Amino acid sequence: MSQRLVNLDDYEAAARSLLDEQAFEYVASGAGSETTLRANRTAFDDLELLPRMLHDVSRIDTTVELFGKIHSLPVLLAPTGYHRLMHPLGELETILGANMADCTLVAANFATETFVSVQAQAARPQWFQMYVQSDRTFTRDLLQEVLSAGCEAVCVTVDQPVNAIRDREARIGFELPKGMERANLKRLGSAVAGAAHSPQGFHIYNAVRASDLTWKDLEWLRGECPVPLMLKGILHPDDAVMAQQSGCDGIIVSNHGGRALDGVQSTIAALPAIVEAVGPGMTVLMDGGIRRGTDVVKALALGAKAVLLGRPYLFGLAVDGAAGVARVVNLLRMECQIAMGLLGCQDLSQIQPQLLHRKR
Amino acid sequence: MSQRLVNLDDYEAAARSLLDEQAFEYVASGAGSETTLRANRTAFDDLELLPRMLHDVSRIDTTVELFGKIHSLPVLLAPTGYHRLMHPLGELETILGANMADCTLVAANFATETFVSVQAQAARPQWFQMYVQSDRTFTRDLLQEVLSAGCEAVCVTVDQPVNAIRDREARIGFELPKGMERANLKRLGSAVAGAAHSPQGFHIYNAVRASDLTWKDLEWLRGECPVPLMLKGILHPDDAVMAQQSGCDGIIVSNHGGRALDGVQSTIAALPAIVEAVGPGMTVLMDGGIRRGTDVVKALALGAKAVLLGRPYLFGLAVDGAAGVARVVNLLRMECQIAMGLLGCQDLSQIQPQLLHRKR
Amino acid sequence: MSQRLVNLDDYEAAARSLLDEQAFEYVASGAGSETTLRANRTAFDDLELLPRMLHDVSRIDTTVELFGKIHSLPVLLAPTGYHRLMHPLGELETILGANMADCTLVAANFATETFVSVQAQAARPQWFQMYVQSDRTFTRDLLQEVLSAGCEAVCVTVDQPVNAIRDREARIGFELPKGMERANLKRLGSAVAGAAHSPQGFHIYNAVRASDLTWKDLEWLRGECPVPLMLKGILHPDDAVMAQQSGCDGIIVSNHGGRALDGVQSTIAALPAIVEAVGPGMTVLMDGGIRRGTDVVKALALGAKAVLLGRPYLFGLAVDGAAGVARVVNLLRMECQIAMGLLGCQDLSQIQPQLLHRKR
Amino acid sequence: MSQRLVNLDDYEAAARSLLDEQAFEYVASGAGSETTLRANRTAFDDLELLPRMLHDVSRIDTTVELFGKIHSLPVLLAPTGYHRLMHPLGELETILGANMADCTLVAANFATETFVSVQAQAARPQWFQMYVQSDRTFTRDLLQEVLSAGCEAVCVTVDQPVNAIRDREARIGFELPKGMERANLKRLGSAVAGAAHSPQGFHIYNAVRASDLTWKDLEWLRGECPVPLMLKGILHPDDAVMAQQSGCDGIIVSNHGGRALDGVQSTIAALPAIVEAVGPGMTVLMDGGIRRGTDVVKALALGAKAVLLGRPYLFGLAVDGAAGVARVVNLLRMECQIAMGLLGCQDLSQIQPQLLHRKR
């Protein structure tokens, strides 16, 4: 089947015809009128590439070092909830694909399999994405649990203190199917672990994500977390600087893949001002709309150290299980190599702002 | 039915299939080539939101004070004619929805039920939208009547001294159905109270709206009106300043929902220069194209104190009567709360220009 | 029939279904890829109107004086060839419509009825549009003939020294039907008077339009022409100045309705620089894409003294003969009045640049 | 058949219905998401033409001198592979069309007939487009062979050191049909001469194009090449300057017709900065998206000495063999003459930057 799927977008089309509507809509949709979801893609088109000729590109090196570890590609798998909607084995299947593609998975707080059980299958240690819960003790205990299991780094997602507007989910009445729950949150009781993530009636808060988190809590988290700590969901340079001052090791410039507040800037447009604000001392990652090797190159040219990939690997998982995840990553790897070769770049250090020209 | 209607635009689609063509076209259409009607929506997309993270948003307050009264949401129901086209009970049904949603209705001069009879059902005092008639005595008498009935504020609509071009209405030969008339104008005789509001043949004037109104008349009106007086339909900063100098308490930046002169600026684009021109001393409201909570936030960030909602509540009325009106308002309320929460704002005072970035 | 036709574009749609393909394509099409044809319309959308309120508009005056004559509307009927394609009586029918609408027709050199015969029916003297022929003596004789018949002004069209690319005409093999010819050119022999106006094979020149016309010829023409002389087809400010220096009384900013060189600027975009270059001493008219009253107002605000209307009146002629021509003009008249009323203008002198705001 | 084909785009439509999918997709498609393929066309629309009137254009001269030879039109046939996909006689048919249209063919390295055999039929000496192979000796020998056969100039294509992403080819599994091979490379063995030109599996390199070519190799090539030497595929002003410093006689500003790296600038947008960087001493050609006479004029106005035409003549070849090639060129010739005539230009030297206005 996946022979004919030649790029990442093809996986979305294939998944659409394979998945049931609930699962597909959950993954593919964005917040509000999906303005930001679309902008995450179209904003890449405003950046033109300026290739240089007659560089020897007979060897191309895509490796990058993040927090002291080597990654064979500047691409990680973004944290995304509920993989069992895509595949019966859920995250346990995803990790096999990540292994095949030699790629790090950022495990979601809202995974349908526990961090610990997935880590047991992982060739590379997972990173862990955290939502802080109202019950801070629970949060701390969960953090200790993933750290003990070998978690390499922690990303705290900060861009959804209240539920987002998800019209496509609301229209189909999306809810977690019976028997599926947020495995990492099981100890909070199954009412909570299975709770809906959308506004119920007109209620905008959620049992599994604190709405009162502030920079103060971050100091506490920093203390609890001996591994690299990142904030995920930063869009404003001033927040990036605050993250830095709060002792974070990195930030992920992200708008949650256009799923949180609709109408915010695309991440590729937001990236440069943030990179400038924090300076070279901080690790800046980004995600949102990465679908092509040239997208990766553009993000790196604007100062991201690496990017995260969201929906496409979920569609790979839906279409072909682990093999689909791996093929999605490897297509992107090939596209990165080709982009570098045609730009005249031998390794990632040569991907610099001068390769880009802002259209209009 | 309205369960599946998850946002304000859904109500338009639903109304289209429920209403007869005459009624739907009357409400949905705009002037001329509908350039301004479209611009009223698309101009919001030129404004990107810049959210801030890690603010405590566990309590969100959407109340605003207008002329000394508290409104639970910075949203009023805009004056719109002929509610009986939407619902057999017309404005008498609308007001029940306004009551349910704790929202102020700006009663239209061209209502199909009298201000007085609607006010009798109103939980909150209505505002009154005035067109000045050629017969100024009649106008003064009507004004006294609504004031006695408890009208809280008066908006004089100034943007239609002549009939507008309404191609979609002309094409279907729109006219008020037999038995429906402008109840507030009944004393002018039923020929006038039921007169067409579009050009007849090539005649551009209208029996029920004066075309010779000037700033002089405003002095007179100011004298007759002990409650807050606003002008509705201001688009030019200089006119806003003249309104201020003429003793008006507020202005409504409006292009009549794209129904008056086609080709004028969208209201969200016109707003900032007007706010700057009049300074903080004057209450500036706006309407036109408000369909999402983020639209409300953008208008407030640019200096509007509150906004008015037009077509969507009419569609709510058509789809579900009072319950539809209330649900439309409450959807917008929820969207406002979510927008504020995701932006990091606890109350309306925190909605400031820095939250916006002008694209292009 | 034309009851349901509520604006000028409606006449195009109606004509499309009534006319045979040859005639419709001839009129509706533009040169090349029709980039300029489209730009002539879309460029109006880049100009937003800034209306002013509370001006007395109970009387609106649309009259304008051109070369000492009063026109009831700042709109003339542009010169267009071959009216018998639209209506069996051709220009003899058109002129009746012009009479009904009290509007001046600019008779085309390539009319299918002679200037003289049409002038015999005309309530207002026609203007005459000239193409200079290779045989300058013939041209001079024709000029004397139309002048004797009462021609009020002469426009020399200068924008088609070679045949244009007309793909839609080429595709259907457009040619003048048997029995139709350029009546004014009959004395050149019927081979010439009926000659094709498109490239034949790869031959780009045309028997009925000189390709070697220069500013020198203009001096000669000026000498032959005691009535106001204009150049039609000017797009460059320097050419406008040269026209002025050559003693022309006016220019018509025109790109031949997007039928000459595709890829040139829209006329509404070209207008302001030309008006500035020639100063107030010269009469500047414009045409191209006028379809709405607001288009007329925009052109006047940018300095045009009046505009010419092309395709729409031809469609009116096709749909309803003289009555169609008249109704098209009167629809535009009403739209002009409404635009002025809603802008707060009582007469054309009040239509000033400040009414416009350039978008983007 | 080709009577009804009135412009170059029509030939694409006709070829689509005549060719088998493999051949059509190979020619028509571009790299990646085809952003650059589209930009190559749309970027021409950002340049508006400023025509001048009343110039004598009764004689129009389109000849240009390149490296001491006169060309009747500033248009060459770009190097494109595998003409036997279009026509059974391949390049042997193409050259007959080039002869008929008095036009120079730039023979592709990847032709399906040898340079020598095609040259034997050529009225004008061909230019030769080279890819340097890993085996530099082979490359040198081939170069000597084409030079002996009378090659007039050499273009080294430098923009594809690695295989490009060609989704449309991948989707249909494009490969050279049995019995077709790169005739000029036959001596490398038929495995190589027939090797696929797209990534195989995830392998990005290609047996027939070196990936380690650098500016050093260029010195060597310069020494081997007594005729004019050009680089094809330059997009960056600095690379243009390096070409100049390396002793090249010319450059071709090209993005390989949007077939190499997707996301790079359109060539018409890239052209001006390159022309400025190299100054008047160097011959700058360009290709990419030329479909209209006005495109040729725009390229010349921005400093190109001539342009190359790619896909359209292939479609001509597919539709009508040599006659189709010739008609495509002659349509373009006529369009160039018309554009010049309507702009007021008698010869190419009059095509200057002042004829253009950059929109937006």
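Points worth noting:
By written order: A, B, C and D. Residues from 1 in each chain.
Quick note on the criterion: contacts are C-beta pairs under 8 Å (C-beta built on N, C-alpha and C of every residue); 3 or more make two chains touch, one makes a residue touch a chain.
Given the structure is predicted, the values throughout are model-derived calculations rather than measurements.
When the partners of chain B are compared with those of chain C, no chain appears in both lists.
Under half of the residue numbers at the chain A-chain D interface are used by both copies of the sequence.
Separating the centre of chain A from that of chain C, both taken as means of CA atoms, is a distance of 60 Å. Centre-to-centre separation of chain C and chain D, using mean CA positions: 42 Å. Residue positions of chain A touching 2 or more other chains: 360. With chains as nodes and touching pairs as edges, the resulting graph is a single ring in which every chain has exactly two contacts. The residues of chain C lying in touch with chain D in their complex are 32-33, 35, 158-165, 167, 170-171, 199, 202, 204-205, 210-215, 217-218, 231, 233-236, 238-239, 242, 260-265, 360.
Interface residues of chain D facing chain C in the complex, by the touch rule stated above, are 4, 6-7, 44-45, 47-58, 60, 292-294, 298, 330-331, 333-335, 337-339, 341-344, 357, 360.
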